[in-house]
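Shared between the two complexes below is chain A, which pairs with chain B and chain C, respectively.
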Partner chain A sequence: MAVFYILLLFVIIAAIIAVETKNLLSAVICVGAIGFGGSLMFLFLRAPDIAITQIVVEVMGLIILIRATISRDLTFISGDREFFGTVVSVVIVFVIFLAGIHVFDTLPDFGTAVFTQVPDTASQTYIEEGLERTGAANLVAAVILDFRAYDTLGEATVLFTAIIGAMVILRGKSRKLLEDPD
Partner chain B sequence: MPYALCFLLFMIGLYCVVVKKNMVKIVIGILVMEYAVNLFLIMLGYRMGGVAPIVGQSELDPSTGGLLSSFLNASVDPLPQALVLTSIVISLGSLALMISVCVRVYGKYGTFDITEIRRLKG
Partner chain C sequence: MRGMTVIVKTVSSWVKVLIFLYGVYIVVFGHLTPGGGFAGGVVLASSYVLLMLAFGREFVEQDLPLALDSKLDCIGAFAFAMIAILGLVFAGSFFANFLYQKYLPGEPLRLISAGTIPLSNIAIGLKVGASLFLVFFSLSICRRGKGVTFDSPAGQEQE
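What follows is the complex of A and B.
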């Protein structure tokens, strides 16, 4: 698992660079590093389906992000918000971090799945009966397409709504309305 | 310990959303938070020395056709994996929506700086 920890640290460093760099294109490339590092981490966590999906989504997301940042004359950013506000924000985020880290004391240690600590969980049922009840060898596919198929239907609805929203925002007619006022 | 590092990743994203004033930086902060939450949910279902929740030919009992107990006691949790799969795809849709808002704001105001976008008209 040493590689997993190295990847986690790599992702955190990439996130810090993505947040702090002044060049927007560098920030977008660091987001790519986070995404692909995360994909490798999912492989180490025995989740190959997530890893594959993460790679596909990451490539498409990077294309979208680069579309927003490339060929803009103002890709460099200057200055943060005013000093006092930044300090207050950092202090509040740090306090939330210190308080929230105690939540993890109530969880079992890393490497002990939460669902094994409780009797009769849904996950255990899916593992035991997924193959014979759905016929799917991949239990993740059994869950998303059979046990929780309505969830996938909702996902498709949300995705469709988001794409419709993006098309409405980007279509040419409203752009014409915005360009000449009144 | 990995939970704490994952939470640190989430907090980096939150800091980015709260402090930065560039719109694309705020979108990047939201993305980092999404990665952290997805990773945390997958971590919750991980078993040390576990196997992926995919039934191969070697996991089947040759005499009865049922699953071997070595698979039942080592498979990682398939439920968070299925839900995170949903969440990842939805995050792509929301990213497209956020970036299209950014592109339109840039087209109208010529800047990504949220403190300079003040001329809000209907």
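What follows is the complex of A and C.
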């Protein structure tokens, strides 16, 4: 249990540095540190599937962000914060904090899954009959590609559409730059 | 982009094979061990991203042209949708695991088991890997400021 508090402290410190630092590269590296802390937590919670996905996506995202930020003209953030914006964000964070206290009171204890307390949940069925009904030894694969395959189809569609949109936008930009170099 | 020094090039030319193999392992054994199509696809894409960071864009374009990459993306998405439709045709419902239920039950914990799940993993891995590499590629094109089109070889001036 103590390891979670250490990781949580590490993640919070990294998040504060990422917000407060003036250097864009340090901010991007701190965002990467947050992700790695999260993947370590998933590993200690015995969720290796999510840990692998998290760490892999984190590395890719970090590389893409570094490539996008480095060697731009703007690598430092300058300027002061506005007073009104600070007040509004502090008020919103406080309201969310007050709501969060009530929500966390109703959650089950950390480390005890809900489906072990409520009988006849869907996840209980997956765990008991998953191997027999799909033949997949990895239950996560059985759920995302057999029981809940519609979710995966939707996710793949979202990714496909996002790539098409990004390429169309970037292609238009490239054509414009081609017609008018510099 | 001319690429990095000789040390980086040598090391990454050895390491890229291992990363690629690890990605293939994660995708193919997704129904047996932790991992699966998405994570494995990102590992596959990152092997080519490493190659591109070390050797420069032109080197990667000979290995994996942009047109081929977009085709792989579309093939992955098409294969996943076809697996779903084949379930409708052979077993009567969309996404039914028809291979496991009728034709090839296999044995649990073996590589050939679980019917359509490994096939879906391969399709998803192909799709995710190709599209994440496309994201990286188009961002670095945009960064250069020089325009390229996706149907002509990149870097070639149009008109």
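Definition applied: the second predicted complex is superposed on the first by the 170 of 182 C-alpha atoms of A that agree within 3 Å, B and C clash if a C-alpha of one lies under 4 Å from a C-alpha of the other, contacts with A are read in each partner's own complex, and residues count from 1 in each chain.
Please note the rule applied: contacts are C-beta pairs under 8 Å (C-beta built on N, C-alpha and C of every residue); 3 or more make two chains touch, one makes a residue touch a chain.
Just so you know, these numbers come straight off a predicted model, no measurement behind them.
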{"item": "When chain B and chain C are modelled together on chain A, clash or fit", "value": "fit"}
{"item": "Which superposed partner A:Gly135 touches (first chain B, second chain C, both, neither)", "value": "second"}
{"item": "First (chain B), second (chain C), both or neither touched by A:Val95", "value": "neither"}
{"item": "First, second, both or neither for A:Met60, with chain B first and chain C second", "value": "both"}
{"item": "First (chain B), second (chain C), both or neither touched by A:Val3", "value": "neither"}
{"item": "Touched partner set for A:Ala149, first chain B, second chain C, both or neither", "value": "second"}
{"item": "Which superposed partner A:Ala18 touches (first chain B, second chain C, both, neither)", "value": "first"}
{"item": "More chain A residues in contact - chain B or chain C", "value": "B"}
{"item": "Three-chain overlay, closest Cα atoms of chain B and chain C, distance in Å", "value": "6"}
{"item": "Set intersection of chain A contacts, chain C complex versus chain B complex", "value": "48-49, 53, 57, 60, 64, 67-68, 131, 137-138, 140, 142, 144, 152, 159, 163, 166, 170, 175, 178, 181"}
{"item": "Residues of chain A that touch chain C when the two form their complex", "value": "48-49, 51-53, 56-57, 59-60, 63-64, 67-68, 71, 131, 134-138, 140-142, 144-146, 149-150, 152-153, 156-157, 159-160, 163, 166-167, 170-171, 173-179, 181"}
{"item": "In the complex, chain C residues that touch chain A", "value": "26, 30-39, 42-43, 45-46, 49, 53, 73, 77, 80-81, 84, 95, 97, 100, 105-106, 108-109, 113-117, 120-121, 124, 127-128, 131-132, 134-136, 138-143, 145-150, 157-158"}
{"item": "Chain B - residues contacting chain A, complex", "value": "1-9, 11-16, 18-22, 24-25, 27-29, 31-32, 35, 38-39, 42-48, 50-56, 66-67, 71-72, 75-79, 81-86, 88-97, 99-104, 106-108, 110-113, 115, 121"}
{"item": "Chain B contact footprint on chain A (complex, rising order)", "value": "1, 4-5, 8-9, 11-12, 15-16, 18-19, 24, 27-28, 31, 34-35, 38, 41-42, 45-50, 53-54, 57, 60-61, 64-65, 67-69, 72, 74, 77, 80-81, 85-86, 89-90, 92-93, 96-97, 100-101, 104, 107, 110-116, 122-123, 126-128, 130-132, 137-140, 142-144, 148, 151-152, 155, 158-159, 161-163, 165-166, 169-170, 175, 178, 181"}
